[in-house]
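Dropping the structure in here first, questions after.
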Amino acid sequence: MKIGVFVCHCGTNIAGTVDVERVSQAASKFPKVKHSASYKYMCSNPGQNLVKDAIKKHKLDRIVIASCSPSLHEKTFRKCVEAAGINPYLIEMANIREHCSWVHKDREKATQKAIELTRLAVSKVSRNKPLEKTYTTIEKKVLIIGGGISGIQAAIDIAFANYPAVIVEREPSIGGRMARFDKTFPTLDCAACILTPKMVTVSQSEHVTMHTYSEIEEVSGFVGNFTVKIRKKARSVDINKCTGCGACYNKCPVKVPSEFDMGLGKRKAIYTPFPQAVPNVPVIDRENCLYFKTKKCGICKKICTVGAIDYDMKDEVIEEKFGAIIVATGFNQFDHSVYGEYGYGKHKDMITGLHFERMVNSSGPTGGKIIRPSDGKEVRDVVFIQCVGSRDEQKGLPYCSRLCCMYTAKHALLLREHNKDSQAYVFYIDIRAAGKNYEEFVKKVQDEYGAIYLRGRVSRIFEKGGKLIVRGADTLSGAQIEIKADLVVLATGLVAQKDAPSLAQMLHIPYDKNNLFTEAHPKLAPVETITSGIFLTGACQSPKDIPDTVATASAASVKALGLMVQDKLAREPLIASVNQDLCSGCLACLKACPFSAIEEDEIEDRKLRRKRTVAKVREAVCTGCGNCTAVCRMAAIDLEGFTNTQIMEEVETL
Amino acid sequence: MIDQIKTKAKELLKTKKVDIVIGYKKASDRIGAIPAFIDKEGDIDKLIWDGYCVYNLSNYLKDFPGKKIGIVTKGCDAKSMTVLLQENQLKREDIFIIGIECSGIVDEKRKGGDIAYDERCKGCKPATPPIYDVLIKEEEKKQAPRLEQDPYESVRKLETKSIEEKFKFWQDEFSRCIRCYACRQICPLCYCPRCVAEQTQPAWFSKAVSVEGNFSWNVNRAMHLAGRCIDCGECERACPVGIPLRDINKKIEKDVKELFSYEAGVDTEQKPLFSSFDKNDPEDFIK
Amino acid sequence: MSEWEPKIVGFLCNWCSYAGADLAGTSRLEYPPNIRIIRLPCSGRVNPLFILKCLSNGADGVLISGCHIGDCHYSEGNFYARRRFAVLKKLLEYLGIDPRRFQMSWVSASEGDKWARLVTELVEEIKQAGPNKDFVRKND
Amino acid sequence: MKYAYFPGCSLHSTAKEYDLSTKEVARALGIELIEIPDWICCGATPAHITMHLLSLALPVKNLLKAKEMDSFEVVTCCAACFSRLKIANHFMQNDNKHRKNVEEIVGEPYKGEVKVRHFLDVLINVFGLKNLTERVTNKLSGLKVACYYGCLLTRPPEITQLDDLEEPHLMDDLMKVLDAEPVKWPYKTECCGASFSLTKTDIVLKLSGDILQMAHDEGAQAIVVACPLCQSNLDLRQAAIKKKYKKDFNIPILYFTQLVGLSLGIEPKKLGLDKHIVNPLPLLKERKVLVDK
Amino acid sequence: MKWFISHNTIRSSFQLTLEKECGEKVSHCYQCGKCSAGCPIAFQMDYLPNQIIRMTQLGMEQQVLSSRTIWLCASCLTCTVRCPREIDIAEIMDYLRRQAYKKGIIPVEETEIPLFNKIFLRNIELFGRLYEMGLIGMFNMLSGEFFKDVFLAPKMFLKQKISIFPPRVKNIKETRAIFKRSGKLGKAHRDKLLNPRLLFLNLSRKIIGKIAKRDNS
């Protein structure tokens, strides 16, 4: 073994406090050290050349660089020695700048410490092993969970790069929440006008497969190689035969409240959720269908000229492989029935923002008329209440839902547009309009559309004489306020989907106490998760408006495409490995692995002459944290790059 | 009671439900009891049950790989079996547990004298095994009155000593250690293919009888049993130089109970102590 | 012995504490030179046997430092470490090892000042505890 | 069913009819109420405004007296007493610092072990509405009542643990059993002015006036209450409200116990129905609830 | 401008002391105003409840303790049960009143309530239970509203709702001891019933009010 030690002056950064020459001399006397040298800037080109030349000249096989923190230049020197023909994992760095020269003033003591730090690195490197990067193959297909605007955008981006994308959507049509909206702030372009073309693009793309009315059942595998089971719920209509003529739902005798219209309108038992649905293929709601309830009726089947109706259709579970997964499951609305002071959600003329969207939509259940659900009369005085559920630790959520200020302003504007005699009263706590043209929009609603903004939360709402009495306050004037409203619109907050935790557990991604999925880093990895190969977009991670949702969708797509374009997936070899002869198979490591990177394996025990269970590292999944090594009582599992032997050698050298 | 054990053992062997029954038989001194491995119906009458049946028989389970075993199991022994099951060392379907609701065993140190219940029996309640396939109960009248005693009395006494006193106490104790590893051999939960004490790459601690070697070994043994030791007391019984090993085991047992509400050997499905955590684990010792 | 300077080993996680110590350097915060840092990926990597090895090898003090709870790069590593060393710390104290000799801390990548303060205090404490004599391996 | 009974000051003076009717109803239903001997005032609002410890010590003293009777359940009818007793219990159970101080003051250890119940709770949740239905002989059919709970019966919910916070319904359920018709109205828990009766009469007139107005608007012929303070504010002050706001409501304010008593066929006089300022008898006669004997 | 406050006020320990002594986190308040929106007595208050909380946050001890609002709070808890930040506002009002007592601050316009409280408690201390006749009589006398509710009295007597004689409780010493010890332990200020300042303020206000009324009419 021939170790070379190179000590860096770093200008005066190190040499100012540490006697670099002495360090170099001392190092030359360490066991197994063949050569040592110092240089002004080891990371510079001449410095690196000095290392390379010395490797060749002295036939060095391991290198120690005593310089700055490895977080700065470990990669630099790995490349440098690799170029000189040494395995890049046969170097170690002694941090004699950040941990020595910069924090000590006494030259003698600092020099002494620098020598010892170098000695530590030398002892460690003497136990290093050459390591090779590992490679895995990548399944060139991306799974997108959720077919709202977020999933649609991601699919378009992936397809644009000519990679296949699969959307799994649990509703009968893609489109998500955005399909329900009327207009969008702050530009007021109609949601359908900008969303429908995208839905059509997706449906026509040769690269995109859609599984609507389907749900994820099971996910296994790891980055590049996920195996996913998808349950395709029985639609009762053959998607390949159906022409979307609509005869079936026109003739269906059963009417039930439409989920898409938030119960404001009706749909049939065989239905498409909305006219622009993609795919434009109906589904039979078996709970309400007469045929399924009584075995009578069967009108749809009789009337369908192409024979697409299939009452015997069964759920089908398919299995597919994916290289990456984009989670785009969106949000749910906060359930305001917890507010007793607002009548436990029982007042008919109290609706949520989403109801309002449907109502104001000209293709919606009221044909764009804003009316009181109780008696169908047109409204005059409408109270909008912001922060319902949001910013309320007592009954709701601790966080701000971020879009309610804006959509409420939009609603106030649309109200006046639809009904010139109406008056909007908006109860708010703070107006959060931080976005391009957002503040201007709110200002416009106040100035030009006459919305009255009142600063205060509403304390009580009750019915009297056919009106809703709203009792609030305006803290700016110090006044209590009572408004007799025709309609109250609650800006309910955005919450995670009810089944978000079970999906997260399936995917092995963390979620926070509000059940929102957690990103790998809030600033620097906002669309990644700590599980590599799984990315987040849209409101499943935190409340987002449409521009932010689309932006994260494209960001997640780029991350997924970054994987797709690789031939093989290179992984740092600094991961755990099991010495199966030593392993007792107690599986303490498996249970302690934060990444499920350890699996059971069976080996033939030659001594016992029988098979026994042992642990095995799934190399592609292991992140190299080393937790398993510390829980292993028999030291059968070790971490490359930070092996027990290396660390014990370091301690030994003290 | 012994009849019940014998009947069950006979039935198990007869129906081929098990290949072998592990129980107790009289030792050569006619007082003590030693393990009995019965694979023939004819030998069944050798089985005994009395207060001298101190051995934890689960230790012998691993000696019969691939065989179905019926095993006479006290409450404390069943706990170690629970840990072994939890740690994937046994297959539940391979063993038939003849659970004994025991009334306590004698203190071996006072062999021959009056039946004095062993220290560890005093804190044991209930004595029902956490797992069993059949449960055989001691007759009511034989049930020893259980002392409502603090099981951690001696631990607490040591805890109140000063650091120097503690150090001296343990150094004295450990200085006698001859590194015979009897504590390890007898322990039903020490089953590593190769103990770290014997590894050389790296050499985890000194193999020689020395202050720091003995200390390291004993700390290592204790840490490896943290959240696993079910206080069967075999180690202390086996120690030829009489180191109070149970006082170390009990200390950890007490700590993990207090810190993490964790108890060993009660649930085969529970995650090992160090392979699990709670977000609210105490951290007042961390700066 | 008047010139005795304690020797302290620090096991630092790469992502928070090691970076925090780097930051102390970049911010030029002075602290005593008694600590030798061993870089590990995570505080969860620390095997209790490392601590014993340090003590029997003549270290006067050992420090484990990781990310604050919730900050772990591997999301859970420090939770495991916390549990493991809560037990070890109590055990060592029970066996008569001065509790000042084995300590644990959470230092984030932005807490350069905390790192400097921590080491200063640690060195002071270990100085008061005196050299680790009882324990050191006699040359064999 | 045997309980220690804590009537409180009001039930011994201004709310005598509440006391009378409670005892009558309890007797008729076989619920044994034994008055705590030598009970003292719970301190009401003035105590907790002035001295926090006193406001805990006075109720605790009473609970200790109940404990001496070997009764671990105390029943009270006054919403204010109910609230003070419950709050004191809550502190004694959950706050070591206060418990120590209070124990020092009353000179005895107490950990909140005596359970406190409102008579409404006993009637509905212990005796049971079903059992009560069977005992109703004189249905109050056609009587439209507004059930008024006031502020102290349900607040704070984690301490009182009696009824729904914003829309309480226990009395409404009870009235339905008696075949009376509880109106839907939004002022069930609105404040009547409570302890300001004497000091801030104007506030009481306004708040009580609003409540009467709302009850009137929603078609109630009488208001049913479970609190002597509410009753006294709404009943006693109707004359002054009439004078000040020129509105003559003439709405009788009845205790729920009185109506239960009537439906059980108990004589009006025994229920103290003659003690109201706004005379309820004409209404009860008109509704054929009172049968002249 | 109503007030000028300096950094000394803002940095005073008022809020911190309050949070420590009454256990309610005033700093949690983000001024949504829900307390004020639902307060039944707000129409009589000089500051809305949310303003009192804000003033507390800003350390305006003098202004808060001399406000009418803290005395007018009826402890109906509407604010407390609806506060999204889980602040017990009614408890804070209680605390502020107790502080005002301790410091002897009584707002000039709001003397009846403190007076009533004192008479009430004195009444209990003397008789163990409430002696209503005594309470009303004493209050009317000391507050200067000698004939308040006089017209109600005959009715009440007739219906036996009010007794002329005080209630009797055995062992009244026990009750008095509780008062004494509570005062001592709680360090509550138990000044004499006839606090001359309080009485003077009250009477003079009433008389001035009456004169003003007569002049107006």
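Letters A, B, C, D and E name the chains as they come in the text, with residue numbers starting at 1 for each one.
Just so it is clear, a contact is a pair of C-beta atoms (placed from the backbone, for glycine too) under 8 Å apart; a residue touches a chain by one contact, two chains touch by 3 or more.
In this text, all values refer to a predicted model and were calculated from it rather than measured experimentally.
**Q** Remove chain A from the picture; does the complex fall into separate groups, and which?
**A** Chain A out, touching clusters read B, C | D, E.
**Q** Quick one: point me to the chain whose Cα centre is farthest from that of chain E.
**A** Of all the other chains, the one whose centre lies farthest from chain E is B.
**Q** Going by C-alpha centres, which chain is most central here?
**A** Given all protein C-alpha atoms shown, the central chain works out to be A.
**Q** Express in whole angstrom the distance between the two chain centres, defined as the mean CA positions of chain A and chain C.
**A** Going by mean C-alpha positions, chain A sits 35 Å from chain C.
**Q** Averaging only over C-alpha atoms, locate the centres of chain C and chain E and give their separation in whole Å.
**A** Once rounded, the distance between the two centres reads 58 Å.
**Q** How many Å are there between the centre of chain C and the centre of chain D, using C-alpha atoms for each centre?
**A** For chain C versus chain D, the centre distance works out to 65 Å.
**Q** Pull out every residue in chain A that's touching 2 or more other chains.
**A** 341, 460, 592, 630-631, 635, 644, 648
**Q** Residue numbers in chain E touching 2 or more other chains?
**A** Residue numbers touching two or more other chains: 43, 78.
**Q** Using the touch rule from the top of the page, what residues of chain B touch 2 or more other chains?
**A** Counting only residues that touch two or more other chains, chain B contributes 196, 204, 274-276.
**Q** What's the complete list of touching chain pairs for this entry?
**A** Result for touching pairs of chains: A-B, A-C, A-D, A-E, B-C, D-E.
**Q** Given the complex with chain B, which residues does chain A contribute to the contact?
**A** Listed in rising order, the residues of chain A that touch chain B are 581-589, 591-592, 608, 610, 613, 630-631, 633-636, 644-645, 648-649.
**Q** Flag every residue of chain C that touches chain A in the complex, lowest number first.
**A** Residue list for chain C touching chain A: 7, 9, 14, 18-19, 21-26, 28-33, 36-42, 44-48, 50, 53-54, 57-59, 73-77, 80-81, 84, 116.
**Q** Where on chain B is chain A touching in the complex?
**A** Listed in rising order, the residues are 65-66, 87-89, 191-196, 199, 201-204, 224, 271-272, 274-276.
**Q** Over in the complex, which chain E residues touch chain D? Could you list them?
**A** Residue positions touching the partner: 40-41, 43-44, 72, 74-78, 80-81, 88, 94, 97-98, 101, 112-113, 115-118, 120-121, 124, 128-130, 132, 135-136, 139, 143, 148-149, 152, 155-156, 159-163, 167, 169-171, 174-175, 178-179, 181-183, 185-186, 188, 190.
**Q** Any idea which chain B residues touch chain C in the complex?
**A** 158-159, 163-171, 196, 204-206, 208, 210-213, 215-216, 218-220, 222-223, 226, 248, 251-252, 255-256, 259-260, 273-277, 279, 281-283, 285-287
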